[in-house]
Amino acid sequence: MAEETSLFESTSVSERLAAEALIVDVDGFEGPLDLLLTLSRMQKVDLRRISVLALAEQYLRFVEEAKALRIELAADYLVMAAWLAFLKSRLLLPPEPGEEGPSAEDLAAHLAFQLERLAAMREAAASLMARDQLGRNFFARGLEEQVEKVRSVRYSASLLELIQAYARIRTRDEFRPYAFDRKDIFTMEEALERIRGMIGFAGDWTALTHYMPEGWGREPARRRSATAATFAASLELAKQGQIEIRQSETFAPITIRARTTPRVPAPRES
Amino acid sequence: MSESRYDPNEKSLFDAPPLAEQERMVEAILFASAEPVSLREMADRMPHGSDAAEALAYLRRRYEGRGVHLVQVGDAWAFRTAPDLGFLMQKDVVELRKLSRAAIETLAIIAYHQPVTRAEIEEIRGVAVSRGTIDQLLEMEWVRLGRRRMTPGRPVTFIVTPTFLDHFGLESARDLPGLKELRAAGLLDNRPMPGAEEEEGDMVGQSELFEEE
Amino acid sequence: MSESRYDPNEKSLFDAPPLAEQERMVEAILFASAEPVSLREMADRMPHGSDAAEALAYLRRRYEGRGVHLVQVGDAWAFRTAPDLGFLMQKDVVELRKLSRAAIETLAIIAYHQPVTRAEIEEIRGVAVSRGTIDQLLEMEWVRLGRRRMTPGRPVTFIVTPTFLDHFGLESARDLPGLKELRAAGLLDNRPMPGAEEEEGDMVGQSELFEEE
């Protein structure tokens, strides 16, 4: 930036050279405002006292020259040219009475402000970059020590979880998916055989529980199966007319005895 | 600041900087370096005529008893955190994790059946109990070894600890609710199989149909 | 040394360590970290009851004029080598990514005008800000998104980061060079174009007129 400005601050020869350089390097400008700032430095005055009218004329001349050299200018340069031409005419002519909108002076002042602000920001950027910088002028600790994370795991469990876990174990059988477990099943065929085999020796009324298979009374599942099979077998035998069933009242023990004169011949005897 | 700036390119033109200045230099070099720096390397970097060894000796004394020390690593030197402050380089991160299902079941069995042997736990759970599960519970100090069982092999038993009782807010393991209470309280997420409700209702009735042997 | 050992696990059982000891701790913590460490983080790592701020004040004084300095970066602190000794560390210089002129100007505008919207940056520079320019600054973690502006469209704003402050050796953005003068001259004002009704709308319009360079 400093080099650029110095170009315009010397003799008229270098000024002319610079003007040519401007045209050739038009792509080197960051838009119309940048160009305007560069042009404004040619006035060699404080940006606050810059003649916006002169600047507008400079800019318009630049655009004309560029056109003469058939340099294609980006649209924004032309938009700025149009606006500056407008501003120039407003600055030169006395304001029309009753005219709306901001005055030409206000617009010119704002343009000067924009230029000054841009220049200020560029200076600020330069002084920022001129500062001592980390890793260039001053340095951070080279041998960084990692802060070691000491991970300690704390396990948690609630009383409810504990109790539920226990309940889950103890009642696991209840939740077991249904599977036909031969081991604990006393079939009706087995029960029929057992009753048939025993009934002849029983004589009078005997409780049905006496016909339960041995060793099946302890475990609930086995007892249930044996009970059901024995009961069903007794009904089957009664239906076949081989036995008689009696129950004195609801929930009273069921007793059976062999039918002395079968109504229907037993399958075996037929 | 500019008056204390040394240009290494001009080193031969000037006398060596004062020792205090050299000490500052050694300090900065050692601080910024990612690796321990040898005396030779320090000397190479410092203005001509500097005595890195002497500056280092002064610097070393300056850091005695400080939060960082100047230590020798091979033939090089580096700043290191004072050994007694090592704990500052650690950040305790407590991670809260749920106890695994195996662990909580094992714990529950120990709590309900203590003192209980490993074989008994396995029998109740129906699966083998991994060494790690019991170790974890021991480590958490929720269970500990009880007396050995006076049976063949004299197996160890496990019991729960006061820490366990404390954690679960129990006065003793006997305070743990029984299965019946759990069921009454609806804590058993009982998804009964068809007919399972009859177990305690109908089944009782049914078993009464038959005389108990 | 053993009597000065603090076990962080027992921190609640003891009074805070003596201030000299706290100073050593802050020293060790800051020495170990290349990044600035906030007072809060120091306090978190130090034994219960420690006063990191006070210890830090003592430590700062101790390092005045040394080869390394204690510098403030935002609300955090770090040791940095004294700027006048930078020449000793030429070996450690990290080649910084070359920033374009557009990026440098954009950075300066963000620093001096923050929080600032993209439209405002474009208004000041007179050209559109390319996406890549801001991305680069974001990536370097020199700028970050600030709060959205409560104007139509709720545009995002950009602000500088502690990393930026650290890099340029600034305690805070208030310490930017020439900030006061610029403000006094009204050059940090957001002065709308005369006659512009809707500030934001006008700016967006203007930036759209200008092509990306």
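Think of it as A, B and C in the order they're written, each chain with its own count starting at 1.
The criterion applied here is as follows: contacts are C-beta pairs under 8 Å (C-beta built on N, C-alpha and C of every residue); 3 or more make two chains touch, one makes a residue touch a chain.
These figures come from a predicted structure and were not determined experimentally.
Visitor: Where the centre of all protein Cα atoms falls, which chain's Cα centre is nearest to that point?
Guide: A
Visitor: Determine, using the mean of C-alpha atoms as each chain's centre, which chain is farthest from chain B.
Guide: Most remote chain from chain B, centroid-wise, comes out as C.
Visitor: Return the distance between the CA-based centres of chain A and chain B, expressed in whole Å.
Guide: 31
Visitor: Using CA atom averages as chain centres, what separation in Å is found between chain B and chain C?
Guide: Here chain B and chain C have centroids separated by 36 Å.
Visitor: I'd like to verify one number: the distance from the centre of chain A to the centre of chain C, where each centre is the average of its C-alpha atoms, in whole angstrom.
Guide: The separation of the two C-alpha centroids amounts to 30 Å.
Visitor: Mind pulling the chain C residues that touch 2 or more other chains?
Guide: Those would be 31-32, 45, 79, 81-83, 89, 92.
Visitor: Residues of chain A that touch two or more other chains: which are they?
Guide: 139-142, 145, 147
Visitor: Under the definition above, what is the set of chain B residues touching chain A in their complex?
Guide: Residue list for chain B touching chain A: 28, 31-35, 78-79, 81, 89-99, 101, 103-105, 107-109, 111-112, 124-126, 136, 140, 167-170, 176-177, 179, 182-183, 187-193, 196, 199, 203, 205-213.
Visitor: In the complex formed with chain C, which residues of chain B make contact?
Guide: Touching chain C from chain B are residues 1-2, 4-8, 23-29, 31-34, 45-46, 65-68, 79, 81-85, 87-92.
Visitor: Note which residues of chain A are touching chain B in the complex, please.
Guide: 139-143, 145-172, 174-175, 178, 207-209, 212, 217, 220, 223-224, 227, 251, 253-254
Visitor: Touching chain C in the complex: which residues of chain A?
Guide: Per the stated touch rule, the residues are 30-34, 74-76, 79, 101-103, 106-107, 109-110, 113-114, 116-118, 120-125, 127-129, 131-142, 144-145, 147.
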